[in-house]
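Okay, so subunit A shows up in both of these, paired with subunit B first and subunit C after.
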Partner chain A sequence: MNRVVPILTVVLAIFAIWYVASFTMNRAWVMDQAARAGETPSLSEQIAGTMNQSRPVVPAPHQVAVELYDGIFDKAVTSKRSLVYHGFITLQATLWGFALGIIGGVALAILIVLSRTADLTLMPWAIISQTIPVVALAPMIVILTNALGAESLMVPKAIIAGYLSFFPVLVSMVKGLTSPDAMQLDLLRTYGATKNQVFWKLRLPASMPFFFASLKIAVAASLVGAIVGELPTGAISGLGARMLIGSQFGNPMIMWSALFAAAILAAMLIWVVGGIERVASRAMGGQSA
Partner chain B sequence: MNSESKNRVPVISAKSVDLTFQTGDGPVHALSDINLDIFKGEFVSFIGPSGCGKTTFLRTIAALEEPTGGSIMVNGMTPDEARKARAYGYVFQAAGLYPWRTIAGNVKLPLEIMGYPKAEQDSRVEKVLEMVDLSGFGQKYPWQLSGGMQQRASIARALSFDADILLMDEPFGALDEIVRDHLNEQLLELWARTEKTIGFVTHSIPEAVFLSTRIVVMSPRPGRIHDVIDCDLGPDRPLDIRETPEFLAIAHRVREGLRAGHSYEDV
Partner chain C sequence: MIIDRALRVFYPLGFGILVLILWEISVHAFNIPPAILPAPTDIGEAMANSTGTLFADWLQTVVKGALTGMIMGALAGVAAAIAIDRSDFLKKGLLPVANFVAALPIVGVAPIMVMWFGFDWHSKAAVVVVMVFFPMLVNTLAGLQATDRMQRDLMRTYSASHGQTLAKLRLPAALPFIFNGLKICSTLALIGAIVAEYFGSPTQGMGFRISTEVGRLGIDMVWAEIAVAAVSGTVLYGIVALIERRMTFWHPSQRTGR
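Entry: the complex of A and B
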């Protein structure tokens, strides 16, 4: 209960600010219409006029909620206007990219930890890679994968998502794999442990808390990557494509509902990753057991 | 040491061991001309101020450091060969148990690394946990145990592969005095039961006198042996022995030795 009150307070504050913003941003149109008709609307008429426009500058929360409900529950999931359909397309790319990011990040981290040369040669490139704007890179990846024979946009989108998500995994895993202190390493030396045994028995399990902490960041980054991958590539399906279509056709409702669908998707992904983390931590003797 | 052990071959034999670390601030002379024989079944304590090389010497025996001069033999082998022959178990100041393994899993760690068969691993774990009075705690995780119990588990881990030599680097240094007393008694019991040779680094004079058959007093800069004190209080040592005149006399001599080492440093 103690957690509910502050959360509700913040939500209420957000709604209040949002309604005020809807009113002030959409008011100009109401006043315009009224001026043309030669009327002076009262405040309550102004409010009524700003809350249910079909093409508002800032749609009111209840409008977004209705659009969201409609897009999720009232359309067949196969419909091109269903947010579930588009969300699923984006989710697929996100999960493929997430998997790519985990594999890439963990593999690079292992290389970097085991070999000093890899540390010196790979790490700077990994950092540089994150300074390139993905929006600029995305079309190139699309063209490249297309030239190499990829038929759908799924492949380049997954690559872009993986490109964004490998980095937090890499950084955390390098930190995690090097987290055992000198005493821990000395102890294994007194047993005559091989480099392999040190890795499997000490370094890898010691890195797990770092790994799971990075997964939450990585999965969010992967979703951003998948959506960004849909923006500049002429995609017609996916939440990113919906956002773009909404903005191009001047229909903010589509944009806003896609935006919120993406937020809900992100929350679900992070919740699932958090659940996996809790299960793993319990299996590894975590104190929450 | 008694006359009987003099006739035997030493388990650990250090001959004019020298060790200099090259650091950013120039060379540090950690060990200088260390000569010491430790015989089977002895309990030898190393005591001295920080920087006297007592831990370094223990690490040198365990092949965790390599001397830059002189030689060390363990069971007639080099420390490195002795390690491969599983001659010693090492206990560090921190228990260093893996939080993701149960107590039994932690004790099993060296056995897994050394490739003991599964069934033997389990029977050995059970045996050593019983030795340190932790039977029934095998399935607990380290955080569920007190600091003293964790350190006992780490001793069990060092005992699990049945090394003849137990090297302990301030194993009870981080524990409070009551727990420490209790563990000292248990360690004596364990030592009497297993007849292991123990090398024990400590900061505490009463601990050294209470536990040891010999006390090596060391002094710093360069780290060297200042005095070696025979300390045979007999096999049966209740905690009360610390109030007897014999005990106090030895403790006094150790304190003198430590003081002399310190004044040397200040010159």
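Entry: the complex of A and C
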């Protein structure tokens, strides 16, 4: 309970600042219009004029909320103007990329833990791969997958999302697979366990908490990848494409609603993955951490 | 030790060279048209032939967009963390919110920033500021909690003021966390600066060059830009890691077995 009050205060403060910002930033336009008409608007007229512009510099929170509601609930989900439709396209790419990232990250981690050569060879490149801005690579990934026969944009988007999401999984899995200490490893040696058995019965189970802890970061990264992947690839559907369209047509409401739809999608994904994490840790007899 | 260190350089370097050689061979062996995948030698040639353009793009995107934005955003993040740290109430309220925001796809503010600040580098720097602010804030706040009771009590017995405790104990103790944040930011900064260019840019910049050259099928030039971006990203990360090693030599993670 004593956490709710501060959080609510902060959130309310953010909304207050937002309203003030949209008043001060949109005021110039209202004053301009009034000057042209030869009027001097009173303060209440100014406030009314700044809160409901169709192309505001900073839309007021309730405008964004209305636009979001309109895009999510009032449009048929098959409509090209429905945020659910675009969100679903992005979600698909995110989930494929997430799956790709998990498989790639776990496979690489196992390779790196089992072989010292792989550790020395691949680990530096895994780090370097994350310092390369993936947006620069994105158009090339599209061209290459296209040349290899992929017809939809889903494949390159999933690859870009996977490229960003494999790294947190890799790092956590390496940490997890090497987490059993010398005592535990020695015990298994006294049992005469083979390398295989050590891996399946000790290392893999020991790595699970690390694995689940990395998933939340990975899914957030995957969503960023899916959105970024829509920008330079000429996509026309998806939340990233929606932002691009809003920017090209100079329509701020489309950009703001797409941004908040992306934020809502991220929150839902993190919430679901967090739930899976809790269920899994309980099933493995873990304490709530 | 020396052999170990040599292997540490030799293996990754060898792997990189091997990939480049295989790339070169397969481009020639399968007759892959340069409009799909140019050979590394062609890319090298493109780089050598247009160093001027590449340098101008690099200046525009990396120095003006990413670096300015990263420095401003990081300073703002640390300053905000120090300010918030004084109040328990703010910390309790802001930390969950900041943690949540840090996980959101903040790149989405790029079109809004381009609308606000125009096509030049200011909008790119603004996107980077917003992107790096929250990771820095969260990491610095976590770092400022990293001292234990005993250490803080010792400072109190010295009758150190809040500022003194901050400067002599808590900020140094927070450095590993701050550098962790900076490392995350160094990769975010380049992504932010390039993404913002897809929403509008002057006629230079890496994102601009990549999107126009893709349209003109100048794929070798695109790969040249990617190479520059890759080296910039890695060097930026490397510089942060180097400064970290200098400044947090006392931390267990920096110890080398000497």
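What we mean here is this: the second predicted complex is superposed on the first by the 284 of 289 C-alpha atoms of A that agree within 3 Å, B and C clash if a C-alpha of one lies under 4 Å from a C-alpha of the other, contacts with A are read in each partner's own complex, and residues count from 1 in each chain.
We take it that a residue touches a chain if its C-beta (ideal position, glycine included) is under 8 Å from a C-beta of that chain, and two chains touch if they have at least 3 such contacts.
Note that the structure is predicted; figures quoted are calculated from it, not measured.
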Legend entry - Which of subunit B and subunit C A:205 touches, first, second, both or neither: first
Inset, instruction - Please indicate which partner A:244 is in contact with in the superposed arrangement: first for subunit B, second for subunit C, both, or neither. - result: second
Inset, instruction - Return the chain, subunit B or subunit C, that is in touch with more residues of subunit A. - result: C
Inset, instruction - With the two complexes superposed on chain A, say which partner A:197 touches: subunit B (first), subunit C (second), both, or neither. - result: first
Inset, instruction - Determine, under the contact definition given at the top, whether A:220 touches first (subunit B), second (subunit C), both, or neither. - result: second
Legend entry - For the subunit A and subunit C complex, residues of the former touching the latter: 2-3, 5-11, 14, 57, 117, 120-125, 127-128, 130-137, 139-140, 143-144, 147, 216-217, 220, 223-224, 227-228, 231-232, 239-240, 243-244, 246-247, 250, 252, 255-256, 258-259, 262-263, 266-267, 270
Inset, instruction - Enumerate the contact residues on subunit B facing subunit A in the complex. - result: 59, 62-64, 83-84, 86, 88-90, 92-94, 96, 98-102, 109-110, 112-114, 141-143, 161
Inset, instruction - Enumerate the contact residues on subunit A facing subunit B in the complex. - result: 183-184, 186-193, 197, 201-202, 205-206, 208, 284-285, 287, 289
Inset, instruction - Provide the residue numbers of subunit C that touch subunit A in the complex, in ascending order. - result: 7-8, 11-12, 14-16, 32, 36-37, 89-90, 92-94, 96-97, 100, 103-105, 107-112, 114-116, 186-187, 190-191, 194-195, 198-200, 206-207, 210-211, 214, 219, 222-223, 225-226, 229-230, 233-234, 236-237
